[in-house]
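Each chain gets a letter, A, B, C and D, in the order it is written, and its residues are counted from 1.
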Amino acid sequence: MYSFRNDYSEGVHPKVLQALTDTNLEQSVGYGMDPRCDTARATIRRLCSAPNADVHFLVGGTQTNLIVIESLLRPYEAVIAAHTGHVNVHETGAIEATGHKVCTVYAPDGKLTPELVESVVKGHSSEHMVLPRLVYISDTTELGTIYTKAELTALRACCDKHGLFLFLDGARLGSALTSPENDLTLADLAALTDAFYIGGTKNGALFGEALIMNAANDHFRWHMKQRGAMLAKGRLLGIQFQTLLEDGLYFDIARHANEMAFRLRDGIAALGYPFPVPSPSNQQFPVLPNTVVRQLNEMGYEFEIDHADGNDHTCVRFVTSWATPEAAIDRFLQDLAACK
Amino acid sequence: MYSFRNDYSEGVHPKVLQALTDTNLEQSVGYGMDPRCDTARATIRRLCSAPNADVHFLVGGTQTNLIVIESLLRPYEAVIAAHTGHVNVHETGAIEATGHKVCTVYAPDGKLTPELVESVVKGHSSEHMVLPRLVYISDTTELGTIYTKAELTALRACCDKHGLFLFLDGARLGSALTSPENDLTLADLAALTDAFYIGGTKNGALFGEALIMNAANDHFRWHMKQRGAMLAKGRLLGIQFQTLLEDGLYFDIARHANEMAFRLRDGIAALGYPFPVPSPSNQQFPVLPNTVVRQLNEMGYEFEIDHADGNDHTCVRFVTSWATPEAAIDRFLQDLAACK
Amino acid sequence: MYSFRNDYSEGVHPKVLQALTDTNLEQSVGYGMDPRCDTARATIRRLCSAPNADVHFLVGGTQTNLIVIESLLRPYEAVIAAHTGHVNVHETGAIEATGHKVCTVYAPDGKLTPELVESVVKGHSSEHMVLPRLVYISDTTELGTIYTKAELTALRACCDKHGLFLFLDGARLGSALTSPENDLTLADLAALTDAFYIGGTKNGALFGEALIMNAANDHFRWHMKQRGAMLAKGRLLGIQFQTLLEDGLYFDIARHANEMAFRLRDGIAALGYPFPVPSPSNQQFPVLPNTVVRQLNEMGYEFEIDHADGNDHTCVRFVTSWATPEAAIDRFLQDLAACK
Amino acid sequence: MYSFRNDYSEGVHPKVLQALTDTNLEQSVGYGMDPRCDTARATIRRLCSAPNADVHFLVGGTQTNLIVIESLLRPYEAVIAAHTGHVNVHETGAIEATGHKVCTVYAPDGKLTPELVESVVKGHSSEHMVLPRLVYISDTTELGTIYTKAELTALRACCDKHGLFLFLDGARLGSALTSPENDLTLADLAALTDAFYIGGTKNGALFGEALIMNAANDHFRWHMKQRGAMLAKGRLLGIQFQTLLEDGLYFDIARHANEMAFRLRDGIAALGYPFPVPSPSNQQFPVLPNTVVRQLNEMGYEFEIDHADGNDHTCVRFVTSWATPEAAIDRFLQDLAACK
């Protein structure tokens, strides 16, 4: 019927596709050094109020995470992440494959705090242990939660105190920044982090992540090339981000995704199903009886299983996107109401 | 005026763009497990007469090279490559970054032979040295030369004798297989190599390489994920390769690129400029006086410098593509004739 | 006064020193290929009832751990370890530096069980996660606890069921095998693990670990050389292990270390200080008031702080060795009794 | 009869053994932080006129080479070495295993020059290539040749010009500094290199290399630990180097090794056998008829084969050491004279 499996189940937003079509036969130099990428970089610097930031375009999230981290750390340095952090669980050891340990700490809502960060720092005191050096967070988190400006400011202060880099994975940054609970801006992120990225893959692009780097890193393109992350036709990325960002399309479509998620959430909640961790963004995690899960699957609905909740219930994940039609939500809610 | 800098200066072949547009709002699972990728895999297996081969889609060439190599080798094993090999010079140490040495041997025309391979094998005899284990070649080579069936068969026999993998980088495979001097087929490549790839980036795709793997490698997708090479919207790759390969478009447009290259070569040669290493493919390497190079640049022509040839001459590289119009060649030749 | 800091505070057992002196001017080939190493390897195979095992001599524990693990694993494979495991905490990310993730699980007494191992295995189900492939344990553990034959047999069965390697770090194996609670033999270890080592550094050698490898690993010496672990004068290791093992010296001196530890433990307990995790081996972990810790330090006693236990108490670690004199224990206990 | 295979065929110089024996039961902290190591570090700083240098003790040469290099380089940076360099050929890819390419250049006598270094630098001009960043040399070289002060000064100037580190492998530094052709001192080496080491393994120690590091590298001990290079009983290294260096023993015994090498060389030359690359140090490379090589082997003489020189001759390597008796040389020369 409909897939709530992810926010990259469809292709690309039609306006972005049109921009790619319009520029298809332009000749340009490769590897992101073309005028289209220059324009997009200028737009991003402007939106971030960060005229001196380095902006790089990469193809995907795991790639971006591993290159940012290995480019900032020395071999004996390590990452601090929540136990749910994408780099810890869902990237097949990509960070460790670059030689770096990921030190994890249990974070009930998927968010790191200064206290959690300091608990890791304090446990690493000598040359017989790694040196924690970079705090990895994501906004939204793996649980759909988001950071407030106060929280991010406190993390920044903690990082300054302990000489840590702060890196924010923005694969779902559109959903975070358009959440009703959000009070952060792109300029805040540029001011408070050493590096963060604006995720395209999960918000309307064919693919692509726009990385904003404040930390000195003057050979970042060498790192990109070495890790196979320099797209030959680099301008594909510039064109996409320029189209998404030049007049707010990126945020408009993210807001749509959130609204569809809330419509879904409210409809499910109205049927009496609980949401143990409240999410103000485009991922929703209700707990459903296993019998209901089975009926939904049989009807053709697709979604991911998060975890078993006892023997009879399952916590599932529904994700909405820029492309999710309101009608699909309403149809789903009708079908869910009909489950026994 | 025109850029002969590379074969990825433009976007994507219009038929491929149309296919992407037509399927844009289809929902599918990610990471290359969708029906579009399945169809493309089936097409490739059929064209390769290799019903049991593993077929994987990756985004770019460096990425493919590094993952194939690290997936096949144990830590103490090494690559054998020509001194001009792409993995040796032009990938910022991507292979070494996975822990593997690249053992090089001088190959005047960019092609490895059994004798050259054996000279490397013989030099590595104990546990105090790396163990050469994989022969890396490309077709076309960095110099535009191509392998014959007899040459590739001899390399295969050499690899069998010494227990070596044979891996063929096909970033420009379209140009190689449609060269007038070629006698190899996709089925030959599948039969003679342990792994090879059909390059999309340099022959009409937005991006993408289709890897055909015969060597046992049952966790290849783990390697892809770990290296950040699993495209979220994987079907983009399936759709592109299916469109290019289902009825010969890939070869038709590669043939066009070659014909444009020969038209260019013949016109340049008619003006008396030499080509030290003859190339039967879409890269041509004439030697021009530096004064001519300067005039061409001033007119707006773009191309790469290969190397200085004495104090007064330069060996340059011209590359043609599926998108190169005949008129651009003719205009260039007129302009070249006018240079003093 | 006396250092209970570690079991490698002194040099080498006098008999081993004599053997090194006696053979000092013999000429031999390097890198462990000499007759002295051959003899020691034969002795070890005999003691292990493992005529076909590979035996390698390495210089230290971290080196051995990292090479065994990287030699057995493919890049996407990972280690399962207790949260207290030496490879997790105390080796500065040595395992991750070879590219492999260490997946940890909380083990209150430092020992892994089939249930704990399976909880990690179950959490890793797809190509988006690492593949746990090797169980790392140590005997004794970091907490001084030891494995029984029943426990190790159960772990072996669990590993067989899930296709896992079982690797036992025996840095303190002498203390474990001579513990009054032990029922394992070297032959049991050879039969139940894929690899384990007999630690020399912490039991009477100048340095050195003797690795017994049952898993097929025919290029292990290549791994050793690549990691800088092949000692030029390799026979130093053969001579030491032959002297320690040929007629039981290794076990005699380990038993002494244990007896000194129990004398210390009993004396401390008699003064009313608790030992939260009971240890049947040469590491003892009492909880002392901070005032007592300070007085002991002022008297010149050395020992490591394990962790703070509330605001007023500290869990400390006392380690005894082959070289610890009974008189040092008794003197310490007198001094401890005098603390206020 | 006698082994000229290497300079580490015997154990340890008797004075060093005596020092180890005398201090055997001293208790000390581990990992090189003990007073014996402090004393040796002070001695080395004094001999090097380098009061601020960092001095570290490591177990062996490959280990030292790989850790120095990985500690100084960023992932995209590479080593420049002669094609004969130990790190290129004889370390099983240890440098590449840390992720770094070794860029080689042909050096007939095994020595790098500014011209050779610059030829590598010039060939690496963009982010698509590695960035050469460290020049690796050894004194003596693999061919027994040595650097003069003028040559090393010129290399230093070249490194300064191009922003390169200069690292000197001193595995056979004793032989180099006591060569009749040498005009370098330890103080010169400390002034002209970023890092170098005084080799113990090949000049009278049981094992060990003393690294002098001028380049800022404040977490070097983290690198050592991570690579398994921190010896538990670190004072073994301090005691050895203090004994060797406190009153010149290191140089006295190296001079003996050289004198034995020259006696051997002169005797062989007097019999009419050529030495294609003249060596002023303890490795000598004559060319002998294969029939003579065979007879020497049958008599029980051991030495390494360097390379075949045509069908009938072989270039062999003879190495002398602190332990080589004059009588062994004379006996050998008699036996060689008797060969037909």
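Keep this in mind: contacts are C-beta pairs under 8 Å (C-beta built on N, C-alpha and C of every residue); 3 or more make two chains touch, one makes a residue touch a chain.
In this text the structure is predicted, and so the values were computed from the model without any measurement.
S.K.: Fit subunit A onto subunit B over the CA trace and report the rotation angle, somewhere between 0 and 180 degrees, nearest 5.
M.R.: 180
S.K.: Please identify which chain has its centre, taken as the mean of its CA atoms, farthest from the centre of subunit B.
M.R.: C
S.K.: How many angstrom lie between the centres of subunit A and subunit B, each centre taken as the mean Cα position?
M.R.: Going by mean C-alpha positions, subunit A sits 33 Å from subunit B.
S.K.: Would you kindly tell me how far, in whole Å, the mean C-alpha position of subunit D lies from that of subunit B?
M.R.: Whole-Å distance between the two chain centres: 42.
S.K.: With chain centres defined as C-alpha means, what is the inter-centre distance between subunit B and subunit C in Å?
M.R.: 51
S.K.: Can you list every residue of subunit C that touches 2 or more other chains, as numbers and ranges?
M.R.: 75-76, 91-93, 97-99, 127-128, 130, 222, 225-226, 230, in rising order.
S.K.: Please output the residues of subunit D touching subunit B within their complex, sorted ascending.
M.R.: It is residues 75-76, 78, 89-93, 96-102, 127-130 of subunit D that touch subunit B.
S.K.: Contact residues on subunit D for subunit C in the complex?
M.R.: That would be residues 2-3, 5-6, 8-12, 14, 17, 20-21, 23-30, 59-67, 91-94, 97, 201-202, 206-207, 222, 225-233, 236, 302, 323 of subunit D.
S.K.: Over in the complex, which subunit A residues touch subunit D? Could you list them?
M.R.: Residue list for subunit A touching subunit D: 70-71, 74-76, 98-99, 127-128, 130-131, 219, 221-226, 230.
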